[in-house]
Each structure stands twice: as structure tokens, then as C-alpha cells.
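Got a structure here, written out as C-alpha cells. Questions coming.
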């Protein structure tokens, strides 16, 4: 049994880790920290866990995080950065669900997250937590910066077109028109995500520039092995969970004869959590609700030169905590699907 | 033209007053105060008002509220109490949408709102803002404590059974099982009313005791002219606007032959904003969305001894700002429906 | 491995059975019938099942339902009645999720379901599928009429107050004010349950009389061992899954000293799926989303004579398919929780 | 007073016409037809209209539509085509909210709507109902084919970049990524738009080809005066009303110095219903809920070569019935805003 610690268990990615890990079979929740709620049973805050999780929040100071085999950070940006070194030195593996170890360039980090990076050596070591791209590196890693929710969907959607330096699409004019459920904003008291504000409403945001944009460009560039450029427009949509990314790419003249459906199917043939849907399908977010699947469909209207890739995922599972458990499984040599064999909840 | 001031224009009752008054025809918005947002055009905060309302928030200190004919308080509890006297002495009428002037007993006020009442003489003078009960008193009043959202629906629903000391129902076992949309909680940053918390979710709250309970009992007792008792259970339901009150009353043996449908129809025959629906109907909240109507249906299953009264209203209109405009019309001798002749928005 | 057949797999209770049984471990889905969709993989209709369920719909005529150990009917009312005898005679156990075997009185059935009952002998034999009331009878049964969604919540909520002829409450004035998510209406094309009709809307329905009313009265009377009367008012609320029942009962004078919290806790102490919450709690529907739990809280405002019991369940799980799997487990001697050890999905 | 007839008053555009026309001041609803509901007061079907509209549905056969000054068709495609000639010959003006008179090419009509066009001479005469493009032609027209909901938003969003043959953007690679509320699908009993299907869910549809695509291309080409090409991807989003169109256009090298914000502001400076928002704004659908406004924002991230235009409208108002009333006002020489001076409903 892997001993697991969770730092910051009061947010949505925290409670989602608890949901998944409590039925994992190979992991035991040893500590869930919350400075503010220390002493309170987690099931008092999240009654959905009554009868399923009987651990209480502990103070970060008292918690024996160093006795754990792995610690997940389900915290605001900046927390993992401050605590990772001590844990790593104690032999504990670290999986950060926030952004501290995503952007490889500390200046980019500072630009987008408005804080200096305090452990650039660890940043250099950290592996980007996106198994479909980095599986082998993840297996050997001791420090993971998990892929963000939007970036997971966008990178999975473009990967078959880019990986290994393929010359199929114009890599400088990519567009990602993404729509996220409101839980993506986290469990923070804010006016903009109140039910009476976000309900029955739809809007774009962050059009000028969003933190996930550099992460996507860095990831796609790594996949492609050459610079990739992309415009990212996120939208807030009145659903609780779910991301739907609509991706646009121009086919290069020399690639007009490509069988894109086959390309996608081949690319993900062995992936346990990526489902390439049949030609013509339009995946819906609820088809992955509560599960670690991403579903992808590729369209080429009128057999023209524009490819449209549709990707859905549950932002809290494949876009966050589920993928983190998948990564944990890889790091500890467990079956990749362990604890993630969940049928999506529909309706 | 009536010159109107609004103290606290950044909440839902404030923006609703702006929506209604901007198309009133007989009123002019002279000042909308917000200490925090002074200088900002209200349409910057509420883009729905772009092109419709061109006033800016002013600081409460600079605002010429005393030059207004009437000032609405769309503020947290306690604010109107602190400012009403000065305005009244300057000849300005005051309509408080919060609770400062609802409960006649200062001790009850202190018990439920956790603050001492600071102007009990004004409290004694204040008229309760529920036109279907207090129309004549409202016409002559200079200070109004508007009825709360839940209390409006509950008092309208029980009125035909109680008014004038009628002996039709057991007045000691009344039940009000009420369901409110989330806007009833106001435009405050709170975790409990986030979209991802209140969406796709239903729960009761305040079962031990809710501030609107004493207000309902006071109001029903006044209507009846004798003590009335009631159990009130509010519920939070995932809709933006709307209250649905399901009321239960036991018919007294001597009243078994009453034609309750006719009783209700007669009671509200001349009311412009109360619609008694045909026998057998079940009103839905959206049928009053955005309008000042309340719709009521009365049921007596199996011709037994239990009456069920269904009442719907828009909590922000008939339950708050619309009713406040109705009250203003009465206070200034305008047609009661002026500015409120709005067709509900369906779907 | 139990061989399972499902008649009518295209509705919400059907897809929910597939979700649960595909991860049960002790059951194998052998046939899912749909006359209309015969030949289509179920995952084509419900993409949430892609990769999880690989069976196709078969025609009821071709299906080897008689080779199954148990057949679930997730069909409109009247279907199970027509097919049960042949299956039972072939040694197949039958679990009907519709109403064919709920009401013991064939005339009541005909009155509420507008069809004559065609196998009253089987009706007499059928066991009512509510494990917390009928566990031992269920273990021995070969034919089950599953409890309805509303009736499950109402019977669980009143049981501690009524069972064994207890004299605690006035059994003639019970009230059940119940609120259901829209999936309770099934996956049928109807205007009233369109998103643009049922969304952002709340209403009562069936106030004159609802099919679940006689079922509740029959069940409560059986629990109590003496006639019980109840008024049931169902409401449609804009959530997908979930029932919230708010129950009202008058405490008898001689029972005023009862510790109701303890009564409820004791009553369900050994129940795996009934969670009595701490005093003062208000359960929310999402706390059981996707799971087989019911959560109950009991309130007595002001220590008066009115008890308020709050019950939440997922109408498709504890209110339908989950409870049916629980019943199957009992009938086949499996651990009662097998396949139902699911953590609710929150948010 | 204009005498108005409405053919097909039982759908969402019909009830919306009733809402708007009942408060128009210059129009009188003389007939609302529904073969199926003849004799029923419209307020029985739509209780939101109780007290506001007291007309009853009449049979199309009995209705004196020919006595009207104008007849709106709020019907399925194909109905207006069959009845327009007779009305026009009787001197009645005709405004079709369906697609019968949108596509100028009868073969295109047949291809997308699966029926032959039966009055191509009228089609040639019909004016496309989009006032910001066709105002003068509308004033003189007797037959209007109203712009579709999606096409209205897309044409308004691209107009400043295309009109008069401007050379600002690559007109062959336009993308319209559009999101619509569920009411856009109409008030038809269909599984796909049930609350339990479309709620908490997001998906694309019609990616292979959507009827609004040729309409958009025809309209944009007319605005530009030269062929324009566009890819249109519609999405279904869980809101009741509202369309959000995210439009993408590549800036031509020679147009890099254009002040696009000013271009948009100038283009719509005199339009009563098009609101160009300040630079950096992101319009939200609820900011136009229930109103005839469209709000537009133009973005150019990083001052690069991709323009992003965001457009919101209420699909039932500016996207349908409100725009139809605007067109009626123009046809009859009334103030263009009459009856449309409605403040959006927020929250």
C-alpha cells in the first residue's frame, strides 16, 4: 500500500483525490492537510464522503507528510514550490496539481503567476504530468508538475498531428476555442462564479492572455520538436464539470491525402484513457463525467483544408485529480488504470 | 418626476431597481451610491444596463440623497437604520428593502439580526411594505420596511384564509415549505452559493430557525387579528430567480363546506399583481420571471381537511424591488402598476 | 457469476443498471433488449459506456432471457406483467423497476395506471423491493416489485417513527413535500421536461393525486401495522438527479420526551446505505449523487410538536437501479454492498 | 394601430412575439393560429401571458389573416411558403421567421431543408430581414425572410470587416465557433433537448454541415460584394436563451495598422441595437437576456494577425422575434425601437 498525503484537501481537486483514492485499492490516505480546518473530519466538509473517507484534516505542521510515499499538492500556486524540496529530500515523491512545476522557463512562470520561482533547480528536474506524452519520464520521476485542465485537452487533441515533427498542419495558426465548466475556477468565494452569475450565462474570458496559453505552446512545441503557435480562447459555460475543446488546424497542401481518422486512431490505439470516436461523432462532456477518459473526434468539413478536433474531458478527473492518480500509478509501477476504472455518470 | 436615490446599488435588488426605474416614466434616478465603486458607471458593473442607465455610482458622502423625493435602501441590514432619520427629517421618504423596519419588536430584531435597533421610534412609525395587506397605510407613510421575499409569498398565500379573523383553518399548525432561487442569497462572494455548489443540488437550510419566520408570524397575526403559528422550512433550489411556497393548513370542521377557490378569487379580485389561477392549476416560477406578479393556486386533495396553497413569485421583483416600486407608486399617488407592466420572460 | 438480462435498456434506469452491473464483479450482462434498437451496441446510444460495456441491444424475441439467472425490467408499466410468468416458470428471478408489482390491490393498480392487472396471482406473491423494510422476504423471493423513487425516500424517512406499531406521531396527518430532479420523468420525448421548460423553473405537479401516493400509504401502513394516512405533494426541480423529501409529522403528546435523533440512529445503525446525519444537519442531494446512499436528518424546531425529516437520495440509484442491484445481491446471497461501493460525485 | 396575425403561436418564437407585441403600443394582435389548439386561450398554454394577452388560438382556416396588416410566420419551415402568396395578394405584408425566404438559391434551399421551393418568384422578391445590413430594402418590402439566429450574430460580427469590399481580412478562412442555448432548438418534444440530456452537458453538433452555413456565406458575400468562405461549428450549451459567437479572422498584411476597435465603433455608431463594447471587454449572454441588443467586442491578442470577435445576442429576441418586430417597425414607418425598449434581465 502506498502511503499518500494530500496538501490542501478543501478544494475541488482535493475532494476529487479523496474520492478516487478511497477506492483505489493500492493507496492509503495518511494525511490530508488544511491549516484552517485542522481537526475537522473531511466528511464534515464534504458529506459526500461520509462512510467512505474517515480521515480528518491535519495541520500542515503536525502532519507526517514525510512519512508518506507520495504527496499531492492540491493547493494554490506557490505552495508546492515552498515545500517540495524538503519532501523530496526525505525521499517522498511529489505530484503538484498546481502550476509551480509546469512552465520550464522561470521568467514565464513569474510573468503569468506574479511570483518569483524559488526552486529553479527542481523546476528543471520536474517532469510534466501528461502520460500520453511523457509516460516513460513519469515512471522514473520523483517530482511531477501535472498538466493543467485546458492544456491536457488541447495537447491530446493536437498530438497526432504534431508528434515526431510531422508535417501535416500549419503549426503557426492553431486555434483552441475551449469551454470549461465552473468547477475549473475552484472552490473559492468569488462573485463571478456564483450560481446567479454563472448560471444561464455564457462568456469568453482571458482573451488577452491566459496562463494556460504558454503551457500549451510549451507542450505542443515539445511534442512537435519545433516551435508551434496557438491562439487560445477560454469560455465559461454553465456546467459543473467538463471541458470541451474545439481545435482548428489548417492542413498543409502536401498532407491533403492523409487519413486523419486513422491517424488519430493509431496514435491512441494503446491509450487506456483516450477514446477516439468514430468518424462523424460529436463527443459530449457528460460522456466522461466523473471518469478519467478523454474522448476525441476529428472532422474535416467538405474534405477541405480545415481540420476540426473536438475533445472532451472531465476537468477535475482527466484534467486534474484522475490524471494525477494515473501518474501516481506510473510512478509506483502499479497498473495504470488502477482506481480509475470508473464508468462515467450519465445522465 | 419623482427624484429617486438608491443606497447600495451593487447588489441584485439594486440592479433590479435600476432596471425597473429606468423604464418607469414617472421617476428619475438621481443618485446610486456605493462607497466602494464611487465614480464607476453602473453599466460598467452591470453591462445589461448599457444604453439603458447612464448614471454612475456616487459616494454616499457626496450624494445629494437629501435632494431626492424618495430613497431606497438596497443594502445589508443595519444601514437604513443608521441613515433614515436624517433623510426623513429632510423630507425624504424612505423605503428599506432590508430588514431594519420589518420586525416591530426591537428585541426580536436584535435576536435575529444580531444588532441592537438604534431608532425604535422610527420602527414604531414604519409601515410594513405589503400592499395587498397595508395599502392605505402605505399611501400615507413616509418610512417603509419592505416585506421580505419569502414572507411576501407566505402572507399572500394565507391571507384569504385568515384576514378579518376568519375561522376557517387551524391557525396554530400552519406549515410553509418554501423553495428559493439562489439570487435570494444576494450578490455576495460565498462558497455555498457558487455555481459548482448550488448547481444540480437541492437542500433545506435554516430549519432550526430563519429570520423570516418571526416576520411571517408577525404579519399573519396582524392579518388575522389573533395569534397565528407557523413552521417555516426554506430550501435552496438551483434556479436563479423565483420562490415557490407550498403552504399547508388544516381546515376547521366548521369550515368544511367553504368554496376555497372562490374565497381566494374574491380576496384578490381587485389586486393588480396577484393572480389566482383556475382550480387544479400548478403555478410555475418562470411564469412570473422578471415580473411583479404572484400567482396562487389552492388545492384540497380528495376534498379532505388539508388545504395546499401554491404561491410563486420572482423573489427579486414581487419579493423585493418590484414591490418596492409598487409601494413608491402608492406613496406618491401614481398608478399602482406604473413601471411594472412587464410581461414575464418565458422561456 | 450471475447471468443478468435487462429488458428495456434505453431509458435512464436501464443505462444506470448497465453502469452499476458493468463494475459489479459478480454479475455478467448477458442480454439487454430493445425492440427498436436491436443490433445497436449500447455504447452507441450511451457513449458514456464506450470502453465499459460492449454488449449490443438484442430483440426481445431473440434474446435468451430464459437463460439468465435474473431479469430486470427497466420498462414502462405493463411490460413486466406480460412477461414475468414465462420467465419465472423457466426458473428466472424477476426484478421489476416499474410499478406492475408494487400495489397489492389490483383495483388500485388499475385506477392509477389505467390498465387491468393481468397476473394477480403473481402480484400476490411479489415482494416489495425495499430492503430496509423487507430484507428477509427479499432474500427468499423470486419476483420483486421495486419500490418507487419517491416512496423509497418517504418510507425510509417515516420508518423509525412508525415501525412495529409505535405510538409516536399522529399517523393520520403525515405530509410528504417532495422535490425530484427531472430524470425521474424518464428518457421520453416530452415538452414538459425539455431543458428550456424545466430549466430555471420550479413547480408542483400531481397535487390532486399521484401514483406514488397509494404506494406510500400501502408501505407505511405495512410498516406501522395499522392504517396510516399521508398527503403527498411532488415538485419538479431543475436538477438532473436527486430527490429531496421534506416530511412533516405531529408528535403525540405522550411521545414528547422521545430522543428522536437517537431513535433514527438506532433504527438504521446496521443499514449499509442509510446515513442518519448528526443533529442539525441538512442533507443535500449532491451528497448522494451517483451512489446508493440515502441520507436522513431529523429536526424538531423549538422542541415543539412538529417533526421535520429531511431525506435525500439519488432517484436513479437508491430510488431505482442501485436499490435493484442491492435487491439482486440479497436474492443471490451476495454481499449486500457488492457493486454499490461508489463514492458520490461532488461537485 | 397595425393589425397583426401570427401563424404558429405555440413555439418559442411565437410566445416571444406575443410578449413583445402585447406591450408594443402600435400593434394589435388580431389572430394567433394553431390548428391543434384552436379555441384555447394562449394564456392557458403560456401562463406567463395571463393578464397580459387575452387572445385565443384560432384555426388557420377560420382566421381572418387577410384582414391583418402583417402576418408573422413562427412556424416550421415550409409553412410560410405555402401561404404567403395568398396573403400578399390580399395586401398583407409577410414576415417569415423560418427559413423559407432566406436562401436565394432554390437548389440550396432544397438541399438543406429537404423540400422543393414552391414559390421561387416570391423568393426572388423577398428581402432578407437583417436591418443593420438591409434597412432601406426592408422599409419598402412586403415579404421578409428573417435572418436566422446564428447568422444574425455572425453577420453582425463580421460586417465591419467586410462591408463595401474592404480588404482587411482573409475572407476565405473565416471561422465561426458558435454556442447556443437550448431554446434555439424550439419547443418540440425531442430526447436530445430534455433537461436530463442537455443539462450539465456541452457538445458540438452539425459539424459536417449546418443549414445556417449557406445562409451565413450568402449574407457575408452580399455584405462584402465578393465571395467569402467560412467554417461554422455550432455547439449546444446548457443555457435557456443566448447565443455567443466567437469569430476568427486573419488580418491581411496590408491591414495591420487598422484600428479595429474604432472600425467597429464607427460601423455601428448609429445602430440602436448593436453595442460595441470597450476594448478588452468580454460580453456575456445574460447581458442581453430578453432584449433586442447584440453586444460585440473585438480582440487582437498580442497585436498579432488574428482577430477575435465576440458577439452575444438573445436567440429568441435579436435572433428571432425581436428582430422581426424591429423589421415590422421599419416596414410600417414606426420608430425602429418601438416595443423593443426593454432592459435585459440580470441576473
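The letters A, B, C and D name the chains in turn, as written, and every chain counts its residues from 1.
Throughout what follows, a contact is a pair of C-beta atoms (placed from the backbone, for glycine too) under 8 Å apart; a residue touches a chain by one contact, two chains touch by 3 or more.
Molecules present, by chain and UniProt name: A, B, C, D = N-acetyl-gamma-glutamyl-phosphate reductase.
All values derive from a computational prediction rather than experimental measurement.
*Asks:* Please tell me whether A-B or A-C has the greater number of C-beta pairs in contact.
*Replies:* A-C
*Asks:* Suppose chain centres are the mean of their C-alpha atoms. Which chain sits farthest from chain A?
*Replies:* B
*Asks:* How many angstrom between the C-alpha centroids of chain B and chain A?
*Replies:* 45
*Asks:* When the C-alpha atoms of chain A and chain D are each averaged to a single point, how far apart are the two points in Å?
*Replies:* 39
*Asks:* Taking each chain's centre as the mean of its CA atoms, how far is chain A from chain C in angstrom?
*Replies:* 37
*Asks:* Name the residues of chain C that each touch 2 or more other chains.
*Replies:* Those would be 12, 181, 183, 187, 196-197, 199-200, 238, 240-241, 283-284, 286, 289, 347.
*Asks:* Quick one: in the complex, what on chain B touches chain D?
*Replies:* Residues of chain B touching chain D: 12, 15, 19, 22-23, 46-53, 183, 187, 199-200, 240-241, 275, 277, 281, 283-284, 286-291, 293, 295, 316, 341-347.
*Asks:* Touching chain B in the complex: which residues of chain C?
*Replies:* Residue positions touching the partner: 173, 175, 177, 179, 181, 196-197, 199-205, 207-209, 231, 233, 235, 237-242, 244, 246, 248, 250, 280, 282-286, 289, 299, 301-302, 304, 306, 308, 310, 312, 347.
*Asks:* Residues of chain C touching chain D in their complex?
*Replies:* Going through chain C, the ones touching chain D are 12, 181-183, 185, 187-191, 193-200, 238, 240.
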